[in-house]
Every structure is written in C-alpha cells, then in structure tokens.
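In the part that follows, the structures are each spelled out as structure tokens.
Both complexes shown next keep subunit A, but they swap its partner, so subunit B is in the first and subunit C is in the second.
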Partner chain A sequence: MTALAAAALPPVKPHPVSDFFYRRRALLVLLLLVPPLLWVGVVYVGSLLALLANSFFGLDHFSGQVVREFTLKNFAELGTGANLDVVARTVGMALAVTLACIALALPVAYYMARYASGATRAALYIAIMLPLWSSYLVRLYAWKLLLAKEGAISWVLAKLHLSWVLEALLATPVIGGHSLSFSPLGTFIVFVYLWLPFMILPIQAALERVPASLIEASSDLGARPAGTFWRVVFPLAVPGIAAGAIFTFSLTLGDYIVPGVIGDSSMFIGQVVSLQQGTAGNIPFAAALSLVPIVVIALFLWGAKRLGAFDAL
Partner chain B sequence: MTHAVALERVYCEYGAVKAVDGVELAIAEGEFFTLLGPSGSGKTTCLRMIGGFALPTAGRVLIEGRDLTDAPPYARPVNTVFQDYALFPHMNVRENVAYGLMVRGVPRAERARRAAAMLELVRLPGVGGRRPSELSGGQRQRVALARALINEPRVLLLDEPLGALDLKLREQMQAELKALQRRLAITFIFVTHDQHEALSMSDRVGVMNRGRLEQVGTPREIYESPATRFVAEFVGAANLLEGDAARRYADGAACALLRPERIRLGSEAGARASGTVADRQYFGAFVRLRVELQSLQLAVDVPADGVVPEPGARVQLHWNAEAIRRLDGNG
Partner chain C sequence: MRSSDARRAPLGLRAAAWAVVAFLHVPLALIVLYAFSAEDQSYVFPPPDLTTRWFAVAWNDRPDVWRAIRLSFEVASYATAFALVLGTLAAAALARTQFFGREAISLLLILPIALPGIITGIALRSAYSTLEIPFSFWTIVLGHATFCVVVVYNNAVARLRRTSPSLIEASMDLGADAFQTLRHVILPQLGSALLAGGLLAFALSFDEVIVTTFTAGQQTTLPIWMLAELVRPRQRPVTNVVAVVIIALTFVPILLAYYLTRADEPGAR
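Entry: the complex of A and B
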C-alpha cells in the first residue's frame, strides 16, 4: 500500500485543445472530413463533371477548336463499327484477365490464409508485393523480352520439344499472332501478371476471416473437400473476389500502355482516348470514350451486387 | 458388445509436444461421457481425433467397432457441436441445420421438413429464416446442436459447447442437453474444463492432465475417491494432507484428501484438530473458513445460516474417519 502511494503518478494536466474537442465531437469530425471532402468533391468529382460536359461538345474540324455547343455527335460516333470493336476488345480482355486472376489467386490466397504461418507467409507476402516495388514499365519491357520470338519462353519450350504447343496457340484465331509478344495472348499474359497481386490480397483478407471451424463443420456434416469449397469457402471468399475483380477489371479497362507494347497493335479504349485527346486534339470525343469504362464498371458493380457479392460484407 | 467409441493406446504428437500421451478409453453405447481437464490437457485433441480433425500419431480409433483411425471427418458416423458453434454466416438457420442433408442430396422439401423438426426438438421453432448473426448466443448453441443431430449420428461430440454462455443459460442448457441425450439414446462425448458441468451431467467422467487420462469413473467415484492428487485438486475443493499432516491425520499415508464440506465445527471433546480462523469467504449456501493449524491450513465449509466464527476465533474440527481419502501415486 505504501509502496503504491509512494509511486503515485502525477495527475494528467488539462490540455485546452484536447479538452475543447472532447466536448465538441461534431466539430472535430467536421474538421477531419473537410479537407478530404474538398479534395474528392472539387478535384475528383469536378473533373468527372468536366469530362461529362466535354463529351457533349463538338469539334470544329477545320480550326481544331472545341465548339461549346450541345451535340450528341460523339456518342453517335461511339456506335460505329471500329469504335465498337475497340470497346468489345477492351471489355473482353478485362473479363478474361479478371477470370484468370480469380482462378490463379484463389489457391494462393487460400494457402496463405489457412496453411502458411510465420516465415512462409511473410515470404509469400513479399513475393506478391515485390513486383509492385519496381516500375511497371520496366516489368512490361522485361515481359516483352520473355515473350519475344527469340525469347526465354519459346527457348524453354523448344528445349522441352513443346514448340508445337506454342505454335498451335499462336495459330488460334482471336488470341494468336506472329509471336507471344505480338499477340492478344501475350497482352493477356502480361495483364494477368500485372494485376494478380490486386486479386490475391483481397481474397486472402476475406479468407483470413473465415474460421477454420467452418471448414471442419462442413466436413463433419458429410461434405467432401470439393463440396466444402463450393458451398462454404467460395461463397465466403466472394466479397474478396468482388473487391479484387474491381481492381483487375478497371485497371485492364483503363490501361493504354500494355497493349501498345505487347500485342497485335489493335487498339484498346485507353489508347484511342490517348490518341484522340493528344494527337487528334479531339477532346470531346476522348471524353465521350472515357465515359465508356465508367459506365461498364458501374454495370459490373451493379451485376456483382445483384449476384449478392456484397451480402457478406 | 462393441463400444460406441474406443481409443486404443492413442498418441498425438505435435513436434516435441505430446498433446495426447497414450490414452486408452472405451465409451459405451448411449453413454454421456465427459472428458474433463484444464486447457492444454489433451481433452479437445482426443475429441478431434474421434471427429477426424486430428489424426493420431500412433494407436487406433474405433467407432462402433470399425477402425476409423485415419478416416476423414465426412466418412465418420459422428457429428460435432463446435465451441464457437461454427454456423455458416452466409446461410440462414434452416440452411445451416439442413446442411448435412443437402450434401447428401436429400430433396429440398424433405430437408425443410426435417430441419423444422430438428429446430422443434431443440425448442427453437420459427427462426429458420433468420441469419445466425441475428440470434443470441443461446439460440446459436441450439442451432449448432440441431445441425449436428440432423444426420442422426450414433455419437455426438460436444467441444465445450456451453463455454460462451452466461451462468443461468448454461445451467438451463446442461439440463436440456442431458434430457435430449436420454430422449435420443445416443452417445454424447462432452469436453469441458468445468467440473460442475462434468459432475452434474455425465454418466462417466474421464479426467485428463498433460495428455494422459488420470482417472475414469462415475462422477461420484471421481469426486469421492480420486485416484490421483491431480484429480483430487482439480475436481472440487480439496485439502491435501502431506508429510507431517498426512502422518498425523491419515495414518502415515504419503498424501491424503479431506474435502472441506466433510469437516465440522464442534466442541473440544473428540475433536481431531483445533486451529484459528484466518479468513472467511461467503458463498451464499455456505461459508468457507481458512483455518490455521500448527503446520497447515485447512479449508472448512460451514453452513451460512448457523453461527459462523469470526476471523481470529479458535475452532475445534471434527470429521469421520472415512472422510480421509488416501491418495496413492504421485499424480
């Protein structure tokens, strides 16, 4: 008792600022929220609205000046064959990349969440995050070399006497091409590589929250491992899959560098936007085309919600 | 007669840790058997080896006479009520309860009918459409029970199922579980660290300590004739007499047990010992005195409604000769 009394701590001194805000919580919340709200409201939403407004303007092709008069000509132009091809190609690639990322990420994420512990898990985290530490352009050109006709991948396949597999793949219509680095298949491989970490991490976070006892309970009640996966693990991973899919889908939809470096030089939405607002100087059409990914992602989110992807959140 | 469950010289080792160290146990059909022990004693590991969630490193696990030592959980005729209930959060209560039927391909109408009957059995009708997150702890417990019983297991495993409930609810569930077990006439294997639960519900209790089964017996045998010092101390309150005290009061046994409620206060005539009350604790039904003797302290339970001596008072202690239980072995 005496020892405790002797060691008594000095009283906590009042602090005018802390005390003031302790009594006025609402004011504190307001002060904390105003800067980000201003940023998001003015800079982000503002520029989106500017984009929307621009898409209804026209272009005087003779002078190259933007004509600030309401017109739907840009949207009519979107519906023409070449532009629809670009949209279909981009959305198709985004869907394929997303599905491939889900298929590749699920086992890795499951292993990390359920089995890996300590050092193994740390090593896996580093392995997944490490590519993000280096420039995306560097990785892109590294892949260009790997996928080239004389590159490492075709060399390894030749040594394994599997060149015929590659040739068959490249001869396939739609995905094939002159070599991996000049084919949609190559574009797809690089996209999957680039965005895979953004799929693994959210799925892993979702699976981390699934207690092991749920999997045991499913097994206890008679479900074989495949049944347990589809009825318990997968549904509970869906919020993570949805979050990851938003990343992989929107990143692919908006990218304009990858298809320019690797692929058969057919255009993606981002490249056309870049050309229209840069070289062609047709800002109104570029703005209209930029609205396409926004609308597609909105549809994607709406569909995911309809499928119940966010129910478990 | 085949046993519902038999463990034959079962070991379970994790690296250098022997979670279960040579357990030999046979549980009869229709028995309410409890594995009692402190945390880390191996009781849950034993249960998990019966359920198939942990595999023994040596020994055999027989269920209804069949060797299922290495069988996966889905191939065993047992079901489990998990400590955290393990209800599927993305399914409603009806889907949870009917899960075992669904994976077996039972048609939907039949599933709904049997799930409703099960919810009726655990006295939880009409909640089938709700999510587990909308239920109270006691209700979730009942859903977990209904889900485990729907496959009509011959053996139900219960892993500290009442641990998360408050005292009143726990006592109510104890009585209900016991009644349910009698009604269904199936084997219950119950794991708990709560000795009251173990004594009040079980036909037989196995007390575990450090991976070993210290004693198996009826609750009365466990309480009144503990085989080892560990059992004596873990089950109920105990005065352990050792050394001088054991020589003086227990005819020279190495160690002996004297339960606090077996000691009475009385007059000087015929008293076996006398001492000073050092402290007292009020428990409602009784008061526990800590009485200082020359060389030891004894806990003495006296009725709360009588005259309870103040601390510092001199008291004479009486007990019957058979109240002293010799403990052999060193437990």
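Entry: the complex of A and C
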C-alpha cells in the first residue's frame, strides 16, 4: 500500500534554498522585511529626521542660505502673536470640520449598516468610496464653480427667494466674507465635503459589527428610538468616529490648497509652511512650524487610541 | 447589524442618508455640465448654451495638458511598481507572524498617509535640501512610492489573512517546494488583490498634489497643472474639460479595484 502510493507520486527533489528557509522562518521574515523597511526607514524616517534637524537651523537673511548651527530662534518665532493666530485658526477649523463630518456621517453609516441590504448597500458603498479616491483637485474645483457669486448655489437660492439667508450668513463676522468663495464659511463647507467619506466608512465598519439583536433588546426593554440611538448605537460607533476623526482632523490640519483657493486671505498652518519653504526659502522656520501639526496629531492619536479607534480602521 | 425583520428605515433617516449621498455627487455632476458650457468668461449658472467645442480645443491646441498627463502617467507607473514590490514583501512578512516590534513596523508603513501630506512634503524637501539633491523625475517618484506602499500592503495583507494556511500546507505535503507553492498557490490567490492595490496606488499617485509641490521643482504633473489653473485660470473651459477627463480616468481604476477585492471587505457577504 505505502509502496503503491510512493510509486504514484512523482519523486520529490529537495530544493536547497526552499528547504533552508522552510526551517528558518524568522530569517525569511527578516529578509522579506529588509527592502520595505530600508525604503520607509531611509526615505521617510530619514526625511523626518532631516525635518527635525532643520527646525533647529537658522537662516542667514542676507544670503538666504540655511545656517547649520543649533538655534531655538524658530521656536521662539512660533510663539509670536501672528503665528499663534494661524495655529489657533487651523486647529479650530479642523475641530469644526471634524464635528460637522461626524453629524453628517452618522445617518448614512447607520442606514448602511442597519437597513440597506444587497444592491442598495453595494451602491451606497460605491457612492461613498468613489469620491474618497477620486481627484481631490477636481472636487475642489467643483466647489469653485458652485460657490462662485454667479454660480449654482446663488442661483438656486435666488430662485427660492432665499438670497437674504446667504447675505445674512456672509454678513456674520468670523464666518462671513465678501462672497461664499471668499469666506471662512466656504472653506469650511469644502473641507467637510472633501473629507466626509473618510468619516462615513469607519463608522459604518464599526456599526456593521453591532448585532441587530442588541438594538431589538433595547426597544424590547422599552427604549424609544432616540434613546436606543444615544445609549446603544452611538457608544458603539465611537471607535469608528475616532478613526474617522483622525483622518478629518489630520487632513484639515495639513491642507494648504483649500484655504488658498476658497477662503479669505487669512492664513492656515499649511499655507505658511508652503510660503516659507517656497518664496521665502526659509526651510528651517517651515520645518519648525510643521512640527506643530505633528504634535497636535500625536496628542489626538493618543486620545483616539484610548477610545479604541485602531480596532475600527 | 442588519435587522432580522425586513423593517424599512424611518423616513427621516432614509432622507438624511440619501441627501448626504447627493451632497457628495452633485458637485461632480456639475463639473460635467460645465465642460459643455458655451460661456468662457465666468462660472455663470445655468450655462447659457451647450457645446462640445472645448473638448476639441483641449485635444488639439493644448500641448501643455498632454505633457502634464504624460509626466503624471510616468510618475504613477514607477511609483506603483515600487509600491507593488515593497508592499507585497511587507505583507508577506507581517500577515501571519507575531513578533516584538511588528506593530511598530506596521505603524511605520501607515505613517506616510496618516500624517498630513504637507509634513511628508516638507520632510522630503528638507532632506533633498540638506543632501543637496536637485529636483528631478526621481524625486517625485521617491515621495509617491513612499505613501503608495501602504495601499498595496493593506490589500495584500487582507487577502493573505483570508487565504487559508492549509492551502499552503497541502501544496507542501503534495511535494511542492516553496517556490512552486509561491507560483502555483500563493500568487494566484494574491493576484487580484495586488492588481487592486496597484490600481489604487496608481490613482493615488496620479492625483497627488500636496507632496508633489514640494518634490517637483519646476516640473508640471497633471495635478500641479490643475492647481495652477485653480489659482490663476488661463482658459476656464479647457480646465473644465480636463476635470471631466480626470474624473473619467480615476473612476475606472477605483471601480475595478472595488470589484476585485469585494470579498476581502470585513462586512462582505
């Protein structure tokens, strides 16, 4: 019997390299990891270290050359009024955008996870994923068309005899401005539009894991739909919300293109970094300023980890 | 958490959900409409008249658009190729192993897209400046490949986790060596996930602007061309046409990638 089976199989030729690695799995894993780690380690971490180093360098204002000597001048400059304003404006915008994204994402995510099934669910998933991956600049450009003074939003509001609402909003200090495409309100709308899919998908993933029986149990025990939502569904969505908030927060914090295209002339962190490294050629100060988002995001990530955000990614 | 009873969603919830979906898509539809607008001086709505003239203008008279598309295409191809190799290797090493530092390594791979693009950009820019590397085609590719790795890695890792290890054991038991198993068992399983990851990496690189502005110097990729038009419009109708072309070009790989990896989604049935 064994002789028969052995005869039926083709003879196995040992492959020296294959056998060597089969017995040494750890070595194989190490060898597989070397190229990607070298790449990310050298190119990315190396660049981050260069960034950190540059933030301690100075700039010779006469020659415009970077002076490679240790100085804390850049960080002292960060503490001045104008720069603090920029940081506060950016962080405030990032928080507002994150909150608005949560409010808009919850109903869609809940609907997808609980009610939509089959073809509807697939269609919704595609409808949310397509904008997430499609061109950022084209989507920004679409809003330039929409928000223009002669554009679609003004036209629709005029047809509905609601132009006065828009005018009242634009006359409001802090959020208002010359027109929608030149106001902080416009910047805010565009940010919410751009990052919303990044919030919907993680919340949907988190709610997808909640068993329907949990909701039914809550209503069986006498909770009204609103009570069930706030006391059962929402707490279970928190890891997803935190995961989405990492994206919306970090993307808003680092963006410098949206406020340049849609918005008034007040600056955001990204714009200052971009200007300093570009026209001003002051890479050391740009480097020091870009450490601010890193610190803010690190704090944010630490908080998100405590809320269980990384289980929902 | 699908409801067991076939209850319909409350009207308010359904309306809110579809309103948000409309919010996401109406602006894109509007761009398509504007590409046919006969008005060439302003963004007036509704367009006074419709024409296909600007497609011909963009096609025939604007070599700058074609050069930008070509450069973006080349950059994305190289970045995707690097990302495919590095992302697959990392996924193979990390998919089914547990060791000290594994979490740190996967965090390191995710970092380039978790941190804002401007940080990746300024970091690369200061590294180039410190090492006195002049801007070139490769300085763009280097940056793009770095954040494309994670896309390929994510797709490959999801597929490898879903592939039963007993398949590999069966192959080995039947006498195949590691290379034969890789060729006849693992790669066919992994193929469509790698294709999807590659497509997404390509779309990501093709569209990247924030990092690119720091690593391109004077070179113009398609997104940089688009950004210049956004800040200082030269010929608005041509920009509209290019925007529609970009929408069409990016939707194809995204949809393909979705159909190739549908089964890998955690909630998929």
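The rule is short, and it goes like this: the second predicted complex is superposed on the first by the 277 of 313 C-alpha atoms of A that agree within 3 Å, B and C clash if a C-alpha of one lies under 4 Å from a C-alpha of the other, contacts with A are read in each partner's own complex, and residues count from 1 in each chain.
Simple rule for what comes next: a contact is a pair of C-beta atoms (placed from the backbone, for glycine too) under 8 Å apart; a residue touches a chain by one contact, two chains touch by 3 or more.
Just so we're clear, the structure is a prediction, and the values are computed from it rather than from any experiment.
With the C-alpha superposition on subunit A as described, subunit C and subunit B fit side by side in the combined arrangement.
Once the two complexes are laid over each other on the shared chain, residue contacts for A:Ala223 go to subunit B alone; subunit C is not touched. Rounded to the nearest 10, the angle at the Cα centre of subunit A between the centres of subunit B and subunit C is 90 degrees.
Touch criterion met: A:Leu124 reaches subunit C, while subunit B stays clear of it. Contacts of A:Trp143 after superposition: subunit C is touched, whereas subunit B is not reached. Counting residues of subunit A touched by each partner, subunit B versus subunit C, the larger count belongs to C. Shared-chain residue A:Pro211: touches subunit B and subunit C both. By the touch criterion defined above, A:Leu37 reaches subunit C but does not reach subunit B. Taking the two complexes aligned on chain A, the least Cα distance separating subunit B from subunit C is 6 Å. Applying the stated touch rule to the two superposed structures, the overlap between the subunit B and subunit C interfaces on subunit A comprises residues 211, 213-214, 216. Interface of subunit B with subunit A (complex): residues 51-53, 72-74, 78-80, 82-84, 86-90, 99-100, 102-104, 147-148, 151. Per the touch definition, subunit A reaches subunit C in the complex via residues 9-10, 12, 14-15, 17-19, 21-22, 26, 29-30, 32-33, 35-37, 39-41, 43-48, 50-51, 53-54, 66, 104-105, 107-108, 110-115, 117, 124-131, 133-146, 148, 150-152, 154-155, 193, 196-197, 200, 204-205, 207-216, 225, 246, 250-251, 253-257, 260-261, 270, 273-274, 277, 283, 286-287, 290, 293-294, 297. Those residues of subunit C that touch subunit A in the shared complex are 1-4, 7-10, 13-14, 16-17, 20-21, 23-25, 27-28, 30-31, 34, 42-46, 82, 85-87, 89-90, 92-94, 97, 99, 105, 108-109, 111-112, 114-120, 122-127, 129-131, 142, 145-146, 149, 153, 172, 175, 177-179, 200, 203-204, 207, 209-210, 213-214, 223, 226-227, 230-231, 239, 243, 246-247, 250-251, 254-255, 258, 266-267. Residues 211, 213-214, 216-224, 227, 231-232, 235-236, 311-312 of subunit A are the ones that touch subunit B when the two sit in their complex.
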